[in-house]
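Quick one: the structure is below, questions incoming.
Chain IDs A, B, C and D follow the sequence of writing; residue 1 opens each chain.
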Amino acid sequence: MANTISIILLILLGLSLVYVLVRTLKGNPIGRRIVFLYVAIAAAIPLFMDLEVPLPITTDVRNLYDALEKLPDGSKVMAAFDYDPPSAPELQPMAVAFMKYAFKRDFKIIIMGLWPQGPIQANMAIDEAMQDPEIAAKNLQYGVDYVNLGFQSGNEFVIQSMGTAFKTMFPKDYRTTPYDSIPLMRNIVNFSNIDFVMNFSSGEPGTIQWVQIAVDRFGSVLGAGNTAVQAPQVYPYLRAGQMVGLLGGMSGAAEFEKITAEKGKASTFILSQMIAHAIVIILILIGNVAYFSEKRKKK
Amino acid sequence: MFRVILTLLTSIKNPGKIKTILFSILLILITIPNLNGQENEVESSNIATSKIVASILSAPTDVSAKDTDNDKGQSITINWTLSADDKDGGAVSGYKIYRAVEGSNEFVEVGNESEGTTKSTDNKTTDGVSYIYRVDSYQILLDSVGNKSFVTSASVASSPVKSSAQWFNFNRGYCLIFVLFVSGAIIYYIRKASAGGEIYVRKLGGIDAVDEAVGRATEMGKKVFFIPGIQDMNNVQTIAGIAILGRVAQKAAEYGTWLEVPVSKSLVMVTARETMKEAYTAVGRPDAFNEAQVHFLTDDQFGYAAAIDGMVVREKPATIFYMGAFFAESLILAETGNAAGAIQIAGTAMPSQLPFFVAACDYTLIGEELFAASAYLSGEPRQLGSLKGQDIGKALFLVAIIVGIIMESFGWTIGGHNLSAIFKVN
Amino acid sequence: MRREIPLIITTVTGLVFAISYFIPHMPFGNSENIFGEWISIVQAFAIWLGVLNLVKVSIDKILSKKGDAYYSYIVIISLGIMLIVGFWDGLSGLYADPPYPVIDDSTSFYWIFKNIYTPLTSTMFAMLAFFVASASYRAFRARNFQATLLLIAGFFVMGGRVPLFDLMISGITDVPVFSHFADWIMTYPNTAGQRAIMIGIALGIMSSSLRIILGIERSHIGGKS
Amino acid sequence: MSLILARKEKRSSMDIGMFFAALLTLGIFSFLYKDNPVYKVCEAIFVGVSAGFWAITYFFDNIHKKFWLGVFPQEGDSPDYWLWGGAILGFLMLLRISNKIGWIARWPLSFIVGATAGLYMMLYFVSNALNQVADTMMPIVAYASDNSVLWLDTFGNFIVVLGVVTGLIYFFFSKEHKGLFGTGAQVGTWFLMITFGASFGYTVMSRMSLLIGRLDFLFGDWLGLF
């Protein structure tokens, strides 16, 4: 029912764009606020629908997944949360899917953040992952199976000093438990004791710094989830093998949810994302059609 | 026995159970014969319920330890060959690494690695102390109730090793050569430029566009806007933008066009006024400069964008310059300017904003071009010299890439190394 | 003295970090670590400097009694509430048994984070979606060959990264052609362009760092050159 | 001390929180109609609250946890006197607020600038230049493990090499763009444009995601429509 109404509304929205085209061609473009309205409606309607769209898995997501699959169960994985709430729609689904996957694989997870909001977002992701019955049954314990070292200031210098010893930058975890009395951290001194680093990043400090320091200086293996704004910039690292894989933006998140079979928010958002892209593409087309017809008239 | 106690102590999850655990330790001490490292050993985390399984697990072999290369010390790397039982579906669950000071037999657990691993790093050593290492393979067994028990098998201990810090990181030898080469080139050309040497910088397309755009505003009798971005004077992009403002101001002064500079940082306002005054004086029209031409709007990002938006819609300037560091507001600015029919010339090194400027502006200085334009216009030796030095670096890389491709394609090497391996640092 | 000391500090710290890349031994390796810790602490103080500045600017605005001065009251009040709540929660958490952090989800601080801070900052950025769309409609023209290339690449990435274009051709073929093409653009031409930019920026940073360490560039200490 | 912290009951005033959140969301969105006092109020709250958030987290995570507990350790540990260096520099930084002795803030500033310069110089040169150059040195023809030619990869590699080389030529400033060099620079701009196009597409994707996130909050979490 909701699907049918939504589809009808979307079709009406599409038809009304013809009117926009005509108006624009006549040299009377629609105002900013009407454009805003179009975007809001186009992004909102699909949220009411529950259609599944086919989603091919891209190479970068598959590479990351393969690298994770190759890690033995129980590997020590660092999860660095370097983002804040505005980027959560893109990165939180990745983080939740990653946490679920990692807990099911019995990875020992060490969380930290170069952004003060990061560890909070990490706790939210853990809370959500813990609601999965399979994970709940494992009765995972803080300090033994996972730990949240919290946030530390100093940006890239934090990673740099962690290269010698994590403890220099994180003498206590986020609950002020001393580093040495956390069972999980007992034999973990620096990156050479960690099997994999997963970074969720929405800017700097973030993936770029993790590549430059943790990977190129201290030899870590890095995978990352990035906001779409940042993702194109890290492709050279990906190609040069400085990163093993990348989840880029909402589609990266949805693909990761699909490949790990941990369906979450990204899978439901991707339809909205699709329609929103369609609107932008159509708006660019209309604008340019009008531009060229005007150009021809002038000739 | 220390190890057993340690394992048990770390498994304490509930302090209330300490008594039980102490009792268990006692039990272990009594019931299990004192086993040496070489034999199979059975540990149990919960003596009351676990069954003692006496399966034979083969131990890892060839355990060797060496000082970790090229480091700050306090680290030893341990390598071993997988246990014969460590293969797909094999019994081994992982390896525990134990260390003892040479001469003593008190092994302490210093690492725990997953199955299939052949390497571990002990980062808690004291430099100069001689250690020996032992690696145990272990298997986790679950009984019917779900309780865990361990079967372990210990390796032969490694030969003694000491950790130390190194004086030079030899992985980075070639890197040092490249650093010195490029730095040398930069310093050389800065010196040359400062000594009055001629440094050629090509004229950038955008600079011609500047003159043209100011000219057009004069013809139309409209204003010129110059937006220096929302960053303060500590950002190099803002500084470069202000250098370009000098040129724009000179042209505006020559043509007698009203140039307006709305800013979002007070320091930028002060600097922009200075620069414009100088420019107006340089063309002999100091009196034509009015301080009100440079004015502060607000230091808030969107507030600044909204204010400029209003100004552009009201006054319909003929030309708008965007030179400096821009963030998300770039979109709003460029869109409004475009809708008002202004000629727009942008320049920024913010990678995420460049697409919007390129798509919505008539001319865009991309990334480094902004700095090159500012060096060209200001003629400052520091900037010109480093520009030239950087070009030497680019030339080195260009040549290296081409030579490298040829060498890789024909399988040629230098002293047994691929050229790409010489450039790669890790 | 006002000039020399900062210059010496810059040069020494700069050299320590550059040299310790090659020489891990004392004194470079360990002073790099100590400096790293200092920076971490200085940065925390710098955040507080920012807060003090904000208070100063807001008070100045209130005193100058300009039209929008009363927004400055709101800034100061909300900052004050956040600080009081934060210190209250943080300190009571430290002395609680078991201690809990200020960001624990039971604190009022977390409540404000979740219900005030998160919606404000998220919505601030969400507005950009509208601006992007409106700019696409009103300003993004294939005005020359370069802009055309840009728009075409953007087109295929936008339509290929989500299953939009592929759904359109799903009647013809099941192969996700456009997804693969978007993938291809990202992996090859995009990588190439980004890499060229990256190398250029690396050289730029190299030269400005060098100028700072050698004391040629002094703008950060208030000198011209 | 037990490491397990009992998760406390979530606040029952959650609904009030949701209401506030929705109100503020709409308040910010009102800017889309036009700049107005409601938006300005929300913005002022945002500025104050976010400054407070940063100040508190930096205080507890760094100044308290790292510095204070470092120099005045609770039990057993020996104090780390080196940390005082950071605190002194930090304090000098705060003096910037004063007009009279604010110049002394240049000391910590030059410390940070120097350290950043030293660190960045090597980081960028290695990761963003040398390693990228090394990765661009690929054999002209890509072979699979069974020695058959991978035509697609070969073509892709060619594109990468062409793009990097011409892109670098474009950013060459001390030589006139004429002849072959000029053609190279021209091709370089094409690559840059495709790169920007990709960035543009991704930016649109990102921005739309943020909006979808907010709409999901308004219609889903708040109004409970789906």
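As a convention for this text, a contact is a pair of C-beta atoms (placed from the backbone, for glycine too) under 8 Å apart; a residue touches a chain by one contact, two chains touch by 3 or more.
What you are looking at is a predicted structure, and each value in this text was computed from that prediction instead of being measured.
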Chain nearest the global centroid, as defined over all protein CA atoms shown:
D
With centres defined as the mean C-alpha position, give me the chain C-chain D separation in Å.
4
Using mean CA coordinates as chain centres, what's the chain A-chain C distance in Å?
16
Just the number, please: Cα centre separation of chain B and chain C in whole Å.
13
Sites on chain B at which at least two other chains make contact
13, 72, 175, 182, 302, 351-352, 355-356, 358-359, 367-368, 393-394, 397, 425-426
Give me the residue numbers in chain A that touch at least two other chains, ranges are fine.
36, 39-40, 43, 86-89, 141, 144, 150, 152-153, 157, 160, 164, 169, 174-176, 183, 216-217, 229, 232-233, 236, 239, 248-251, 273, 276-277, 280
Indicate the residues of chain D shared as contacts by at least two other chains.
1-2, 4-5, 31-32, 43, 47, 53-54, 57-58, 62, 66, 115, 119, 121-122, 124-129, 131-136, 160-161, 164, 168, 171, 192-193, 195-200, 202-205, 208, 210-211, 213-214
For this assembly, give the contact graph shape among line, ring, star, complete and other.
complete
Spell out the part of chain B that touches chain A in their complex, as residue ranges.
10, 13, 68, 72, 75, 93-94, 109-112, 114-117, 120-121, 123-124, 351-352, 425-426
Touching residues of chain D toward chain A in the complex: what are they?
1, 3-5, 32-33, 53-54, 57-58, 61-62, 65-66, 69-70, 77, 115, 119, 123-124, 126-128, 131-132, 134-135, 160, 195, 198-199, 202-206, 208-216, 219-220, 225-226
Flag every residue of chain B that touches chain C in the complex, lowest number first.
70-73, 165-169, 172, 175-176, 182-183, 186-187, 190, 233-234, 236, 239, 302, 328, 331-332, 334-335, 338-339, 349, 351, 355-356, 358-360, 362, 367-368, 371, 382, 386, 389-390, 393-394, 397
For the complex, give me every residue of chain A touching chain C.
29-30, 32, 35-36, 38-40, 43, 53-56, 58-60, 84-89, 117, 119-120, 123, 127, 150, 152-155, 157-158, 160-161, 164, 168-169, 174-176, 217, 232-233, 235-236, 238-239, 248-251, 270, 273-274, 276-281, 283-284, 286-288, 291-292
Would you mind writing out the residues of chain C in touch with chain A in their complex?
21, 29, 32-33, 36-37, 39-41, 43-44, 47, 94, 98-101, 103-105, 110, 113, 117-118, 121-122, 124-126, 129-130, 132-134, 136-143, 151, 155, 158-159, 161-164, 166-167, 170, 176, 179-180, 183, 186-187, 190-191, 194-195, 198
